[in-house]
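Before anything else, here's the structure in question.
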Amino acid sequence: MNTVARQNPIVDNGHNTAKKVLEIRNLQAWYGESYILQGMNITVNQGEVVTLLGRNGSGRTTTLRAIMGLTGARKGSIRINGVESINLPTYKIAHLGVGYCPEERAIFSSLSTEENLLLPPSLSKTEKGMPVKEIYDMFPNLAERKASPGTRLSGGEQQMLAVARILRTGAKLLLLDEISEGLAPVIVQALARMIVTLKARGYTIVMVEQNFRFAAPLADRFYVVEHGQIVETFAASELESKMPVLGELLGV
Amino acid sequence: MEIFGIPWSLMLSQLLLGLVNGSFYAMMSLGLAVIFGLLNIINFAHGALFMMGAFFAWMGLNYFGINYWVALLIVPVVVGAFGILIERSMLRWLYKLDHLYGLLLTFGITLLLEGVFRSFYGVSGQPYQVPALLSGATDVGPLMMPNYRAWVVVASLTVCFATWFVIERTKIGAYLRAGTENPKMVEAFGINVPVMVSLTYGFGVALAAFAGVLAAPITQVSSLMGSNLIIVVFAVVVIGGMGSIMGSILTGLGLGVIEGFTRVFYPELSATVVFILMGLVLLIRPAGLFGKEK
Amino acid sequence: MTNSRIAYAIALAALIAAPFFIYPIFLMNVMCFALFASAFNLLIGYTGLLSFGHAALFGSAAYITGHVLSKMGLPVEVAVLMGTATGAAIGLVMGLLAIRRTGIYFTMITLALAQMVYFICLQAPFTGGEDGLQGVPRGKLLGVINLSSDLNMYYVVLAIAVGSFAVIMRTVHSPFGRVMKAIKENEPRAISLGYDVNKYKLVAFVLSAALSGLAGSTKTLVFGFATLTDVHWNLSGLVVLMTLVGGLGTLLGPIVGALIIVALENKLGDFGNWLAAATSIEWFKSMGESVTMLTGLIFIICVLAFRRGIVGEISVFLKRF
């Protein structure tokens, strides 16, 4: 089962000099004494949408959290836009241009919707975040509910808010953890359209997704995570041929 | 005119005194609540830092000729900076541990600070004169209102409500509220949370020091003036809960007033009435009047 | 097992011989506080509840025993039992109120309630106010053993201390003790297993309170006085420090801690004078007055760098072999 992943991180999509936005080498991570990530290797290029697949507990969420520095001890190398970040504190990692949307959404209940939205500051003078008006255009529901306490929104609205928040910072590398979870199909479709839009604008996205039908059409490449390591990686074009393997690994 | 056999003027003057005490309770419990919200530490040293504020005002006057009004501005900043030093050098090592260690450390700091001041100045109080502008009393009809005490109430309430406004209605306050709820997430947005924590501690401490300067002309400045106050403030905090800023302020004021009236009707009970009320609140509404169980 | 039995036997023998080599009053002082600290440790070390109000239990028992002996002339045994019962009773009330909250609130409540006891002792007519109770007679234990002799007193205190220590050991190693440990390690888990956690906490609190009361009563007997110092929050802090320095949650830690702190308090003046002579810095002479400062410093150092305490560090060190 634990085949050594056929490491072919840079998929040749016609751009040999594709800029590596995220480069993870032999990442190990712990929560206290628990050894979760046991040597992760991931590369993501500019403008790609990459999906981490895997069973619950395989270490996908931990990978995103490790990139943000939110786990316990970390070892290995994480380069974001070429900058080594393994020893940086979380807020400095964010300043490298990373936005994180956690699985639990983490909407602040003591803030209103608009306060939640406006909270994240612009990460740099050059890369300003998406203007509020544009966000409200993209997510009209949020405009309607802007004065309500953040947690009084419906599940779908909270998810929108969580994603909209990170667009405010100007971060161009987005880490999205299970954004389609528990949402009505209509909302899920809206989210899918949003991801396509963002991709067209040059955002780079790493997604953790259980919902295979949501993730499959959106991603350029897939990584399969098991026991804290990558066991499979392939491009979207290879998806059909990989279905039997995925069926075994994920029960898809 | 008399109510329950007590002259109206006596009632009013006790009400004022109660408000004065209540102002101190409000400011101190506000500082404690702000610190506890973000750092999850009960700052036992709050009493000692209150005492330091008063002492620095006294020292400023007697050694450097710094008058009351300047002290009111400078001393909180100085003591606040000292607080930031404490946070950076000692408190931050404890965040990963059980909350109790924070209490124990700040208790140790209290003993150290009180010990230092006691070794230089003993336990007897040093007098601090009421500033000339505020001396004397104003005739407001039913009573002769001491100007300084009225000033204390006005200044404290202004500071308390300004703090409330900043925390509940401004963007900086939003960072604090969000950080209290989920500091890691706030950091993930790129905000330097460790610095925010230090500044918050410094601010809470500055509030205590400000209260100390206000208190200097009223009570004698002594190394022990903080410790008895802090224990009452703890009771106030248990009664009010630390969930809400406005709750801390109102509880502090209310308890000061109740204490004041108790002094009129049952003087023997006045030292313990706050504790008795704490016991009652624990029986009826354990989470505190405004509390959200953390 | 046999090793520790031998160790205890040796220790006991040493304690029996001790008053012939070391000033008995000092030893008794240490034993009273060793008992007090062990009682305190029962609570924090094994249930994780930090009480900052234990002086109320110690001091109120001290006052009751003093009052009963000097003003009512009751026998010594009765006086000590009444003191212990007082500790237990106040502990019951404190516990009932404090256990309604957890963590830091629990601590603040114990502190506030103890302060209330302090004010009551300050104002109550029978406590003698600022002067306290002085000249409390020792009387004759069981009408037979004359306690005016320091040597006799010493052996009685030793018996009390050893007996109480045995009770504590028994409690810790009993099923009750194991449940308390479970509560400390993971309260939600203990609740989910069906234990009435609050009841266990209350029993632990009352037991700790009773033993603290016993310590207070014994102290009155030894020194012949009970004052406001015995109910002041400073003493509550001091017993926390003793336990912290010695080792929270260890059986021997509080005893070691009490020894160190009592020795420190008594000898600080001498140490200060020695330092002043050695370094010619006059300020050291006033060190005797600076117990508070030194206590604070030790607290800070212990919390930052030495949380396991002496006995804790030694056990970790020994485990490496």
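Quick notes on this structure:
In order of appearance the chains are A, B and C, and numbering begins at 1 in each one.
In this text, a residue touches a chain if its C-beta (ideal position, glycine included) is under 8 Å from a C-beta of that chain, and two chains touch if they have at least 3 such contacts.
Computed from a predicted model, the values in this text were never measured in an experiment.
Overall, the chain located most centrally, as judged by its C-alpha mean against the mean of all protein C-alpha atoms, is B. Chain centres here are C-alpha means, and the one lying farthest from chain A is C. Centre-to-centre separation between chain B and chain C, using Cα means, comes to 32 Å. Computed from the mean C-alpha positions, the centre of chain A lies at a distance of 45 Å from the centre of chain B.
For the pair chain A and chain C, the distance between C-alpha centroids works out to 56 Å.
Residues of chain B touching chain A in their complex: 171, 174-175, 177-178, 180-182, 184-194. Interface residues of chain B facing chain C in the complex, by the touch rule stated above, are 36, 42, 90, 93-94, 97-101, 103-105, 107-116, 118-119, 227, 231-232, 234-235, 237-238, 268, 271-272, 274-276, 278-279, 282-283, 286. Against chain B, in their complex, chain C makes its touches with residues 48, 50, 52, 97-98, 100-101, 103-105, 107-109, 111-113, 115-116, 119-120, 122-123, 233, 237, 240, 244, 286, 289-300, 302-304, 307.
Residues of chain A touching chain B in their complex: 68, 70, 89-91, 94-95, 100, 102, 106, 108-111, 115, 118-121, 123, 165-166, 169.
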